[in-house]
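Report on one structure; see the data block that follows.
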Amino acid sequence: MSPRPLVVDTDPGIDDAFALVLAAHSPEVDLRALTTVFGNVGLESTTLNARRLLALVGREDVPVAAGAARPLVYPQPPRAALIHGDDGLGGQGASLPTPGAEVDPRPAVEVLADVLRRADEPVTIAPIGPMTNIALLLASYPELKPKIERLVVMGGGLEIGNITATAEFNIWSDPEAARRVLVEEDVPVVLVPIDLTHRCAVDSEWLDTLANSGPVGESLVGLTAPYRANYRKALSRDAMALHDAVALAEVIQPGILRCERMAVEVECGVGPTRGMVIGDRRNHSTNRVGREIEVAVDADLDALRAFLLDRMGSSRR
Amino acid sequence: MSPRPLVVDTDPGIDDAFALVLAAHSPEVDLRALTTVFGNVGLESTTLNARRLLALVGREDVPVAAGAARPLVYPQPPRAALIHGDDGLGGQGASLPTPGAEVDPRPAVEVLADVLRRADEPVTIAPIGPMTNIALLLASYPELKPKIERLVVMGGGLEIGNITATAEFNIWSDPEAARRVLVEEDVPVVLVPIDLTHRCAVDSEWLDTLANSGPVGESLVGLTAPYRANYRKALSRDAMALHDAVALAEVIQPGILRCERMAVEVECGVGPTRGMVIGDRRNHSTNRVGREIEVAVDADLDALRAFLLDRMGSSRR
Amino acid sequence: MSPRPLVVDTDPGIDDAFALVLAAHSPEVDLRALTTVFGNVGLESTTLNARRLLALVGREDVPVAAGAARPLVYPQPPRAALIHGDDGLGGQGASLPTPGAEVDPRPAVEVLADVLRRADEPVTIAPIGPMTNIALLLASYPELKPKIERLVVMGGGLEIGNITATAEFNIWSDPEAARRVLVEEDVPVVLVPIDLTHRCAVDSEWLDTLANSGPVGESLVGLTAPYRANYRKALSRDAMALHDAVALAEVIQPGILRCERMAVEVECGVGPTRGMVIGDRRNHSTNRVGREIEVAVDADLDALRAFLLDRMGSSRR
Amino acid sequence: MSPRPLVVDTDPGIDDAFALVLAAHSPEVDLRALTTVFGNVGLESTTLNARRLLALVGREDVPVAAGAARPLVYPQPPRAALIHGDDGLGGQGASLPTPGAEVDPRPAVEVLADVLRRADEPVTIAPIGPMTNIALLLASYPELKPKIERLVVMGGGLEIGNITATAEFNIWSDPEAARRVLVEEDVPVVLVPIDLTHRCAVDSEWLDTLANSGPVGESLVGLTAPYRANYRKALSRDAMALHDAVALAEVIQPGILRCERMAVEVECGVGPTRGMVIGDRRNHSTNRVGREIEVAVDADLDALRAFLLDRMGSSRR
């Protein structure tokens, strides 16, 4: 079977870095482009980081195109803290190889459209940052929707939030874009929420093993200091969540996450629940809202962590 | 120790019925008044039901005063179904004794104020319906707040909803009132959410034992048919939740529920999360909102069910 | 004809002061109580000011009862400036007579209810501050609604705002209370918005004449310095609006304002139009919302100013 | 001076038809493209109508590209009535010439970007429908903003609404897009609201003169029956508003409308003021929101109507 065509839309970001290495090391997918978006840090940094990470894994043949520098409708709210460091890579971005390839001059949305248009088979898109670029793609090129295999989205929290009590950072960063993509479109979606990614957190032993696996693993782990410190507080143990990498695992091995079909809605009001993903898990329906999508709710966690470690620690070129 | 003075603000309702019997059978509390509110059914029915239930337990000495027939700001949204039956008591209200005592002619809020004003020690109030009356009390009589021992509120859902995907019926029925009481006031509050009350659901064996305990237990169980049918679907097993009775257990035996202190907020926007109680359980705080109150998160469930059964099945007069 | 029974619910305030003098000097009305509310300044000040103003006009027989110190649901937003001075009376409150009568010990809502209950004929209520007390009255004592002749409300702006681009101060100070009263109830309402009260502004000649009319007129005008300075900027001429007094003129001489019946709604969202009164003046109806009330849209302005001057400058005792 | 490059973004629509004829007949502008959007009727109809209108004026050299079929974030709300007829052209679209030219295969946003990119001087864009395409353009191609001379937007109502009490149809149809364009961007904007376009309404004499001016004028007036009937009710006289044509007049003769600079905001909440444009006309600023743009507030109305008649009735080819 030929590898599955893939575009990753990303705001690197520590866990994006892990996800991109995972994708680059996995023969099941054919990474056709990276598109970047504001998010963990500003667009210039996320775009530079995407290029650095491709240089790290020797995949500078993959085009990188810059997308939205801000949300669709409202300004980006200030972030309380830069848990990914000032540069998005734990302050250690400069430790990665200097990129040799230029940024694609086209906007992300054109590159996404172009990849879809040229593809012989439907393309998987993995949005692992705010969903602004994806909303723009679907709004500007609705005729290309049949060329999308599915969207495997890292975002949302059903029972928990991170940036607010009820909202996860990616969705909260552009709730209007998220609503357009998750609720208003009929493209197949798998949503990978933090309820699950927190449960898949990796511990220091896992990170040590990765660091010792070779230069790529060592580089990745070298980026994690501030991020790890933050998760130590959030999770109350020495572990860190690899959110975006969990979503990429599902891209690479469809079914590795157990999903449930449920109606989801995104709160776009400007009150305290702004940016919340509502997942309706009730058995019987009153006041049901939104659209039914697949939500990842469980996995064989040990097997998943082993898979991630095995792939990230390999050195496929 | 003298019994704890208590007012129950209620919209009976099946689980309210269980809660009122529990209160009436418990020597630890001195039930000084019932105040009624719209909710499970209209105010006329909830007021009649409150009187019927006092007649059932032989406590027609307790004054009953009718309160709000509607929410503070917006009309009451239509309910999808009458899970408490047309009359609020499973269609079996007429099976209870006909009340002999008149309704107190004063509005609920005056009776609440009067009980507080006359009390020698602080009074516990147990709001087990929409919180409209309590918001009116606190807004009209702020000087009486020191006379409130605490509010033990049945309402909200931290990870789940019932009437919507994220909202519980009592809070959703008047979110503005709930916000005033839970977030804007400094009166001590224990919130008993459906996350816990669902876990305390009782099964058919428990109900059979109660039915066989005597005429009061038999009457109570005789009200439950439609309510039980609904919970069978919601909980996917033959069990029913005694929400309001769980809150009353905490009133009668403070500490029987294990509480955590957390910041709560109530969403009053008119979007999909309207009426949601946000409980912030994150370890570290970004974008924290609301006020810190006690939220009941756990209990020795078997002991609690045994306590409920023992009290409801007794016949203290 | 016997004088019309009246309660004024007020947050004095300069224009409230003019309105109270107008009411006290008008034989057509029988002022049965003043109830006070937070607003232009805090509740303690508005209550003290109400008593000072009754002392000024020799009407300390009228009971004064303190009501809400804050809005129903949300905290009072900070005011940009104290255009009524630190004490609500242009910094000159102490120039008025020291009150001799005590504050009524009952909450405003009880006094309002008591006046209604005792009245032989329906009572006019003139809410000329935030409508919190009136919402509490209607919510707690719905059975007394037939005893209300009408509410003559100073508030709102159809085409203009003052505290925000679209909202007037009284409504904006408690939009939820305003919505309850204006939209949800069936009590007759006349709304006197700033569109009209701005057109009824009085100039320095008018004020000079009032100041020379006697001690009461002199006292009133002596309170106006900061308020006048503010209106000089807002209106771009040396004139000041007597908002609340315009509403009282309608109470005293029903029909002195020309009213149109229109559907009104109050925006209670937390976005930029919060606190706006929507008056639907379209000829044909799509998406109509709210309730039809009377809105004052015009008057014989010169005759109205002459009436105000004549009454305020008189010395009826 | 060379003609001003222009793109009209349109949802024809009767008044769009007048506007397009005006643009086509005016040598001051060089019409480089029409982009279409959902609005008065669906996208297929507005796109067909745009082509029919170019055929009518003999300008099928101008490319037509189809844009958004729906709003950015929420579904399009149902319209109360089709005041532009079932086909958007008063049910008379088939009376216009059958288009000979194909639709441009690219999405509107690409055509807009392409025109901007190729232009030697900044391009005027006239959005005279919902602003979805313009929001997508600015979000996807921020680097092209300096190539925009200005946006001359037909939309909003400062003191009045049409589709709701406070909202105008174009803005209400996609408030999120309007907010992005009007409030969040720094591109120069002239907003032409219905407050002014209603005052510029034309009467039956004007329409008769246009009908007698030649075949184009006759065709235009032949489309107006249902639209005219609607405005007869809305304006209470036999006149109809040429909203979009008023905006185009400003494009063709900059300064023909008198503008005031004011801060504007767009209400995107889901309450009763949804889609309202807030224009802050207060002299002094408290709680100011939004961005300062130019808003057309007045014109020499007779001269403007004469200009429109002269141009539409001409037959420049």
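For clarity, chains are labelled A, B, C and D in written order, and residue numbers in each chain start from 1.
Basically, a contact is a pair of C-beta atoms (placed from the backbone, for glycine too) under 8 Å apart; a residue touches a chain by one contact, two chains touch by 3 or more.
If you're wondering where the values come from, they're calculated on a predicted model, not measured in any experiment.
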item	value
Chain pair showing more contacts of the two, A-D and A-C	A-D
Furthest chain, CA centroid comparison against chain B	D
Chain A-chain B separation of Cα centroids, rounded to whole Å	43
Distance from chain D to chain A - Cα centre to Cα centre, in angstrom	39
CA centroid of chain A to CA centroid of chain C, Å	56
Sites on chain B at which at least two other chains make contact	268-271
Interfacial residue positions of chain A with respect to chain C in the complex	269-271
Of chain A, residues touching chain B in the complex	80-81, 158-166, 230, 233-236, 263, 265, 267-273, 276, 278-284, 286-290
Chain D-touching residues of chain A, taken from the complex the two chains share	68-70, 72-75, 107, 109-110, 132, 135-136, 139-142, 176, 179-180, 184, 268-270
